[in-house]
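Each of the two complexes below includes chain A, the first together with chain B, the second together with chain C.
Right, the complex of A and B next:
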């Protein structure tokens, strides 16, 4: 059962990243933001033809994990959709880890 | 505007360039008229001038004229930038730059385009920053004319492209203008693309860094065509051609594609004693030569000749007597340069001899097997090698449409996906070579035979090679990549794609 379907909202505690700058991969950087919104900045050579696809995948993946407030920086080198999804998921999970000691 | 035979809308008149006929089919538009002849001139005995500026002055270059260059140094070319800088310093404006091709090193001319020194360009290729600027902004008085190697020489010989001053980068020359590309510290090999410039330009300036005693032998371009000779420190950087020896790819996907292509060749019926072929210098195309070579050794079938841009790998096949001759318009590495110099079976060939559709016979019409590349190919098998998937110019027409028109087996090799872009698309962004000229597409996911060639399909079936439809390949690619979104384009035409016969096959619109 997806968290979002249970109406759960997950908090991001820290900045996190996943992925790499290799060709075919994507670097996803995510940080918590105050406002209740998901903002996405995309840097990609394929963005003239795939920016909507990238945006939708990031938004959808965040939603599925119950994340409503996050700022994404996507540095893409032609990653296929499943790669992007995996990188966004990992970055979000890392960002959700509660701080060990303040 | 008119709709041409590949369904593209092309202009019938362009301000500054004149009238055009739409592309009507591969050999549908026959030649007409007479060959152009430059003014008869006698330069006499005093040709050696002290500087490039002195030569430009002596040439009589004025506002509005056309200057030409050849691209044998590829990205190691030093002459275009140098001459254009000099011309700009002299205050001459409004010139047409007629280069056989332009590379990323030529971004240095961008300021001279902005300032109106260069106001029109015709070339086979555009790359790097120069290509990007010309794709995004309307800076020239007329769209860039993209011509194939055969199309360029056709335009020169017919007088459509009149050259006022041709600059020839000569790795060695004598003071009367005899020159060749195979001797001297900056030897670049064949000068095939410069022959027409030397023969048809009103004035020819040979620029060399190695002046030798008369006569410079062997003579590629003769004293009878050259007006002035200038000595500079360096005409080009041979390392820019491609360093030393071209290496074969070790990319397993490219090797897989090449191996499949080789199986198609063997099954096609054209792999037989005395066959001829051309492969490119890069990726899977050159790797096809490796697999061909293995099959030649295994079966005892020998080839007769290879053509085109030549690499050390093809030279190796000549040395091992797997082929008897090489016809060379351009050396792609220094092994090829050495071979052209030392081996009489390796022959320099002009662009007209190679690919001019309006000459009595060109070599591309005799070729058996041609390996072609593609940035995109569509469901009609039309091929784009000029613009990237972002609509920006990044490639060259080159010999692609020429060899595809003439050769008996025309195979496109390409990975099914490049970056995130599917190679098979509904409609290519830019048609350079019509699908009528393509027999099959070979990808790592399978071979799609053009329905126009049922005989090839039957032969592959008999040989046990599975084929797929090009639609299936597209679907397979899009399952992985998703369907690309539409590009945002302006109304302005930034380049015209001329087919080799002088008709218009497509246009390139400004990228927003």
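Right, the complex of A and C next:
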């Protein structure tokens, strides 16, 4: 069951990134956001007409992981939707890792 | 499917979207999305997430989907199994299998995840990768360790390291290990798959390596480059005369069954069990390259 369906909200503890600048990939950078919102900045090397689709996928993936406060920077190099979902997922999981006491 | 064709098993780096998307174009029998050697330690999580999404989204056509997961004694193996099984790949290939217990453990773990996700038990098959001297010596017991196991592959790069040797072009140093793996796998009724040939510019050396593997009894070859797939399929392609003879044998069997007669002969030679199973194998290979009615017509 998706975390959002369980009403779980998960915190981001750190800045994180996933993906690459290779063709067919996307670089996803995420940072915690103090307001209860998901903001998305998109830079696409392919076409600006995919911005809405990218925005929807990022929001949906964040919601499925129970994340409600995040700032995303997306640098798209022609990634298909499944690649974007995977990279957002990885970036969020990395950002959720609790800081360790060194 | 347990005994499907696995002539060519092509490795694709698990963290490279473009290569994953284009892999089915080359029509290998199996696509191995690699989470082990092709993925650096700091990208294991990213590759895992990408492969899971790829399995859920992409159509790999007639290609079998195999994921090479990290070895049991790495920090990644358990996470690999937990994440991947719900995405239902056809098979997991367990790197660095050395003991039967490695397979028993993976079998149990896959079964647990299948149960948690209402996936029928045994859906996700397993393949053991033998890559060390210890693994080779335990191959017979490993091959019988689980019903889920359908194939056993040989990894020569790590193996030569484990015997403190170097890999040569003619593969002399691999002969004993190859023979033991073929016998262990065949005795257990599973498919042996030969090691990769890393020099992708040496087509001639690769072809000789595939011919050697086929002659030794391997069912297929691991490939590291798309251009190797076509060469493997050429080498495993049966001759016209082999196909016609196999068809004659199968026709004679059907005729004998219709008449209720036992012993049969084709062209003056008695047809017994081994000849029938060889004929079936030839026809399976022939069908894959469009040499029989109803086969693949791409010549692939």
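We take it that the second predicted complex is superposed on the first by the 100 of 102 C-alpha atoms of A that agree within 3 Å, B and C clash if a C-alpha of one lies under 4 Å from a C-alpha of the other, contacts with A are read in each partner's own complex, and residues count from 1 in each chain.
Definition applied: a contact is a pair of C-beta atoms (placed from the backbone, for glycine too) under 8 Å apart; a residue touches a chain by one contact, two chains touch by 3 or more.
Please read all numbers here as calculations on a predicted model, not as lab measurements.
Colleague: Using the superposition on chain A, tell me whether chain B and chain C clash or fit.
Modeller: With chain A as the common anchor, chain B and chain C both fit in the superposed model.
Colleague: Using the touch definition from the top, say if A:87 reaches chain B (first), chain C (second), both or neither.
Modeller: A:87 contacts chain C only, not chain B.
Colleague: Now for A:48: first (chain B), second (chain C), both, or neither, which partner does it touch?
Modeller: first
Colleague: With the two complexes superposed on chain A, say which partner A:23 touches: chain B (first), chain C (second), both, or neither.
Modeller: In the superposed model, A:23 contacts both chain B and chain C.
Colleague: Least CA distance chain B-chain C after superposition, rounded to whole Å?
Modeller: It is 7 Å, taken between the nearest C-alpha atoms.
Colleague: Based on the A-chain superposition described above, do chain B and chain C contact any of the same residues on chain A, and if so which?
Modeller: In the superposed arrangement, which is not itself an observed complex, chain A uses residues 23-24, 79-81 for both chain B and chain C.
Colleague: In the complex formed with chain A, which residues of chain B make contact?
Modeller: Per the touch definition, chain B meets chain A at residues 389-391, 417-421, 480-482, 484-485, 487-488, 511.
Colleague: Hey, which residues of chain A end up touching chain C in the complex?
Modeller: 18-19, 22-25, 79-83, 85-87, 89-90, 93-94
Colleague: Which chain A residues qualify as touching chain B in the complex?
Modeller: 23-24, 45-46, 48-53, 77-81
Colleague: With touch defined as at the start, can you tell me which chain C residues reach chain A in the complex?
Modeller: Chain C reaches chain A through residues 16-18, 21, 45-46, 49-50, 52-54, 56-58.
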